[in-house]
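Chains: A, B, C, D, E, F and G, in written order; residue numbering restarts at 1 for each.
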Amino acid sequence: MSTTVLYPLLGAALFALGVWGLLARKHLIHKVIAANFLGSGVFLVLIGLAGRTAGADPDPVPLAMVLTGIVVTVALTALALALIKRYYSATGLDTLEPAEEAEQ
Amino acid sequence: MNLVAHLPVIVIMMPLIGASIAFVAGPRRAPLVTVATAVLTIAPVAWLGARVLAEGPTRYEIGGWGGPLGIVLVADGLSAAFLGLVAIVGLGVTLYATGYYRVATGSRPGPGHGLYWTLWLFMWSSLNALLLTGDVFNVYVCLELVGLSAVALVTLAEGAEPLRAAMRYLFASILGAMTYLLGVALLYAATGVLDMRMLADSLGPSVAAETGLALMVAALLLKTALVPMHFWLPTAHAAAPSPVSAALSALVVKGSFFVTLRLFLDVMPAGYLGGADVLIGVLGAVAIVWGSIQALLQERIKLLVAYSTVAQVGYLFLLFPLARHGGEVLSAALLGVLVHALAHAFAKSSMFLAAGVTLKRFGHDRIADLPGTARRAPVIAATFALAGVTMMGLPPSGGFGAKWLIASAALASGEWWWAAVVLVGGLLASAYMFRLLAVFMAAPGGRPLPVGGVRTLRTEWVPLALAAASFLLVLAVPLVTRLAEASAVVAQAGGVVP
Amino acid sequence: MDPVLGALAAFIMVTAFLGILRIERGPSGADRMLSAMLFGTTGVALALVLAEAIGSAGARDAGLVFALLGAVTAVAFVKRAWRAGE
Amino acid sequence: MTAIWWAISEGDTAALAVGAPAALAAALISLALHPDPLPVVRPLGLLRFAGFFLVHSVRGGIDVALRALKPSMPIDPRIITYDLRLPGNTARVVFTNTLSLLPGTLSAKLGRDTLEVHVLDCAGEVTAEIARVEDRVADLFGVRLAPHAGGAC
Amino acid sequence: MTVWLPVLLPVLVGVTTFLLGETRERLRVLVNLAGAVLSSGVVIALVVRAYDGAVAGSSVEMLPGLALSLEADLLGLLFSAVATVLWAVTLVYAFGYMAHAENRARFFGFFALCIASANGVALSADLLGLFVFYELLTLATYPLVVHSGTDEALVAGRRYLYYALSGGAALLLGVVWLYAIAGTVPFTPGGALGAVAGRTGELRAIFALLAGGFGVKAALVGLHRWLPGAMVAPAPVSALLHAVAVVKAGAFGMVRLVNEVYGPELATSLGVAQPLAAIAAITILFGSIVALRQDDIKRRLAYSTIAQLSYITLGVALCSPLAAVGAVAHLAHHAVMKITMFFSAGSLAETHHIKRLSALDGVGHLMPATMASFAAASFGLAGIPPFAGFFSKWPLGAGAAESGQVWATLLFVTSGALAVGYLAPFLVRAVRPAAAAREPGAESDPRMLWPIVIVGALSLVLGLLAGVPGSPLDWAARAVAPSYAGWSPW
Amino acid sequence: MDAGGAAVSLLFDILLIVTLLWIAVGALSETKLFKSVVMFIVFGLFLAIAWVRLGAPDVALAEAAIGAGVTGALMLDAVGHLRKRPTPYPTDQREEEADA
Amino acid sequence: MMSTLDTLTAGIEYALYAAGAFFFLAGSVGLVRFPDVYTRLHALTKADNLGLGLVCLGLAVRAGSPVVALKLLLIWLLVLGAGATACYLVAEAARAAEVAPWTRGERR
């Protein structure tokens, strides 16, 4: 019972947190973490709303979606981290914004 | 084996196979592989289009599964039109890229040159999949794949700025994709299906389903860079290597728009998400004005062209408030938007490619420092001029056809203000395009233009050909009309001829 | 959920929760990594207990992965992230 | 290895069909990649070692738990350097890892022929304890070691 | 299909010229001249057929349900003939004038495209086609305006674009709107809007949009500001485009709009013709008075153009058949006369570097043939018989009086006097003894001189032959008559 | 399911959810990068527990292995990289178009 | 109906859980209380692993299936191996970074 309500709510909260982090946090690593929270939140909503509890007939669709989603998220995270490393090597910066101000 | 039954799969797999071969072939032979792939992809796309024209929208269930877990591909006129667009512009971009990334023996190979071919073909394949997929979850996967390869392509440019732009692009892309997936989650919880056709049948009044669809649409708007969610686009499109910029601005943005179109016209029943269509239209109008003004203020050609994309994308969204009226207004507006999407794709790709040549030849793309270009590089100037005419929507270009159709749909619906927006947009486009052309026409003023790089047939004439295609697109309007008629939505609306 | 197993799981979680204090206090990166490793072990326990409580055999496999995870992150930490004097 | 897979898949024979060849292949590959001949583990030694290990790891757990929970926290840590007698890398690694799980000791750095050990309480016959463990590991691999000289902390 | 030739031939010439490039001088001359002569021949053939009452038409579908249609009616052919024939003449002049200029391929290429667009404007069978070519004309003219690439030219070009494209946008809105309520609106003498005449509010707004759009190129006061600046273009451009093709496209649009879209009757009953007439009247006075004060020769001529163009607008806006005939005839007459003047101004500038009126003293002795031609054109413009201008101004004034709008007759008389005022100083100064000794350069290059003499002579000849069938006056009468049911010039 | 079981599982759920949220907020609001990353890894582990709790062991497996494991390792690697002294490119930030 | 044997197994099982829980608690407390990296590692490797072992044992008793029991044993062994390795790696890194071990008399 609690799973179908509480966990989607947790998912929504995590999603909101992720959006906030992605937009408000400056540090690139923080943004990546936030993006992952974003994903986790969505996955929780997916599984939670599917109402899959022990004993119930398992619905394979959300599971398949989440598994795909996790793989995609890891790929994106890997790309983001690789970019961050290159960016840092090139500029010594770990945020997007201050450099912009300097540029203008 | 029945080849016809697998056409959509072939359309998707062809570039993917090409990508793998290009990856294995190495930077020296990859260009050839890519050109071959681009040429070969045209055939199944054309075949698919012909079949759609002959037999109407078709569903393909891969592996014969169907059902919730199987992969369903849908080919209708709309997807065929966009697939054809991707194929033609894709071929142009590929040919151009072979000139752009010349494999100069002895000289330093361009950064990321080897990866370009693989990533580009991979993005092409993902785009084709996005245009063909028939269920909302696979849309998510395709969006992510396109985004992933697009970001990687942007970073092929050297220096810190492309990296910064790519990261901004990536974060926006993730935000969009995740929001979209959240929407899918809610929608699935509410309806239990993912297949677009089944969704169309099972959508009822439900808060969860409406919220889900709203989230999906919002995410797609972000991906299509509708103001105010455009912040990521100009830097990314301007910073990428020119063949990449062209593909991003011309094709990738259209992909997410295509899905929006699908959701609004094929999936949602009329009147669903009440008010959202008007809101989107208003944002589109704001985009036209705001993007054009920004374009007018830019100092560099590529940024100008990128902001022009922000503006031109706005026109696409004028469809939604007009679509409410259904009937002939919808048909005219849909055709107009379709023509606009095509015309803009041709014009925008040609402009980005020409900007790339400008950079190669003159070493920079600062507008103020390019007087006399019309004389030194008449083909480049002609490209910008022809493409510019389409941007402005002046007759007889494709852009004119689009604006005419949209404006007449607006006037027929009684909502004349959308027509006014179209006209104001055209004027603003003239302002920013002629600002550029005027500099090209100016006397060089004694300042010798540095001339570097090598002029090749491919790097100068391919953009010109694309620009000419955008200019002459009116000639293809009958074909586009037939394709629009063969799309699922217009079948409901009853013919496309206004 | 079996109350005993549920209580056990809850208790283990509380102990794991204590470990967060170590992340807060540090002082070095290694100290913080210890918390992550703690969660590796407690995570296995939690997974196994929950597997039993819910009756899902697959969950035990998850426990298996947890066990490896602690090692993987530790390796990554040591090889890539470790710098003295943080 | 196949047996392990059988346990992991909880007796699912279908999984075995996949697992057995995979496990076999993995074993062959790891053999092929390993240049040194693997030291042979003696079954009887293994049994003895397991008993020893279980008893001591329980002791180790109790020991550290008590130290942690006692308000006075009776610890007197030190790092000592221990001269290794065991030959061979595999045996040494097994020894190093075992030592970490046993009461009061924690391997900190495996040198060329020495092992730095962090001891939690320097009070007792720590070095002798370590040497005893080393003997056990040696027994596991069927190696006989010279007696350790012993020494205080 | 013949009706497409006046458009397609110049396009072909233009594209060929671009592709030939800068260096193939001879071939360029050959192609351009051949194209101009051939086009003129085609137009004349069409005219002959139209006089016989056979109107050639053709249409190509552009958008679904939306075709680009051409039709060779007499009104359109008048404009087309003026543009095409004068193109041939101007080409000869331009080969002389541009002999040492840069970027000649570009110049002649766009020049041909301009003529193609002007012919398209002339021969379009409906508002859509007219709009399409009207915009193309803007685009093709821009590179010519900024040809020199100087800052002055660029500024003038920008201003030209602002005005022309804004006008184009108004035009587009008007056309789309009109099509939305009335469907395709083919030009029909006497008006084509009978079916929707009841929607007065919308029709008024549409008229305002369309007249505003045409008014930009027709240089109605307030919308005229681009024209004087655009005179920085090379003289042949000013001559052909600003005296003939571009501005006349606007005036021609007005004629089509009033006579063949709304129809004189509807335009009067809607109350839209009268304000247009008033604005045109103000423009005439404004242009004439400002012209009086200009010292720069080309600027003086430019303001003169502003005034004279509004004769045409006023003529149709009066909705009197005779005045409309005068207006349409003035389309041709003014073209011939003004082109003579611009050619002469170009020769003066190019051969003797004279750009100001005050520097003109004694030039008549140096360039007698040029100045004689100039004089012929001036007499015509002032409305002195038997020069051509008289035969458009007379019907204009008479028509105004006939329809009871005597104020307009008075206006024509006044502006005739003003024209004398701003043109006489040219002639007076030309015959004055030179203040300083001039180098004996005499007449300009024959390639420039002969065209001047020919068009100058035409200013007189067209007047002398005004009564002959086929003269602009006769032609205009035939073109206008169908718009006024029950009216016949004979 | 008896009342006691329900209560216990509710307790467990709430405990888990609060922990997850707390760690997530901590990871994002933390200024020390390394702390954030460790918290992220810990978050991944707890999330895996949540998957187990939701009866999705396959997801738990994936989450633990790649969500926390691989991602965590990659992040640690990136954090390590970000501690090194950067070696900036030449100041020229144009795109690569400048032909060599 | 619960037989005596069942009661007995349940008793053993719960006792094992309790013991396991105790060691988990001790490990965490040690992690928090101990003064430096090395000592904390002691707590982590020994107490928690023992706790896990006991819990596994309890679960094995409960499951009553030899296969599951074997699997639990394997998992425990794996955790032991991984834990010990990780522990060694951290300790070695700490040594390499010259983190001085805490000695008695020092205040934290």
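The rule we apply is simple: a residue touches a chain if its C-beta (ideal position, glycine included) is under 8 Å from a C-beta of that chain, and two chains touch if they have at least 3 such contacts.
It should be emphasised that the depicted structure is a prediction, and the values quoted were computed from it without experimental measurement.
Chains that count as touching both chain B and chain E, per the definition above, do not exist in this structure. The most distant chain from chain F, with centres taken as the mean of CA atoms, is E.
Look at the CA centroids: the one farthest from the centroid of chain A belongs to E. Our note on geometry: chain A versus chain B, Cα centroid distance of 27 Å, whole angstroms. Separation between the centroids of chain B and chain F, computed from CA atoms only, is 34 Å. Put simply, the C-alpha centre of chain A and that of chain D have 40 angstrom between them. With centres taken as mean Cα positions, chain G sits 16 Å from chain D. The set of chain F residues touching two or more other chains comprises 6, 9, 37, 51, 53, 55, 58, 70, 74, 77, 79, 81, 88-89. Shown for chain E are the residues that touch two or more other chains, of which there are none. The set of chain C residues touching two or more other chains comprises 16, 19, 33, 35, 40, 54, 56-57, 60-61, 64, 68, 75, 77, 82-83.
Here chain B touches chain A in the complex through residues 68-69, 137, 140-141, 144-145, 147-148, 151-152, 155, 159-160, 163-164, 166-168, 170-171, 173-175, 177-178, 181-182, 184-186, 188-189, 194, going by the rule given at the top. Residue ranges of chain F in contact with chain C, taken from their complex: 1-2, 4-9, 11-12, 15-16, 19, 22-23, 26, 34-35, 37-39, 41-42, 45-46, 48-49, 51-53, 55, 57-58, 60-61, 64-65, 68-70, 72-74, 76-77, 79-81, 83. Interface residues of chain C, counted against chain F in their complex, comprise 1-3, 6-7, 9-10, 13-14, 16-17, 19-20, 23-24, 26, 29, 32-33, 35-36, 39-40, 43, 46-47, 50-51, 54, 56-62, 65-66, 68-69, 72-73, 75-77, 80-83, 86. Here chain G touches chain C in the complex through residues 14, 17, 20-21, 24-25, 27-29, 31-32, 37, 40-41, 44, 48-49, 51-52, 55-56, 59, 62-63, 68, 71-72, 75, 78-79, 82-83, 85-87, 89-90, 92-94, 97-99, going by the rule given at the top. Contact residues on chain A toward chain F in their complex (touch as defined above): 1-3, 6-7, 10, 13-14, 17, 20-21, 25, 27, 29-30, 32-34, 36-37, 40, 43-44, 47-48, 52-54, 56, 58, 63, 66-67, 70-71, 73-74, 77-78, 81, 84-85, 88-92, 94.
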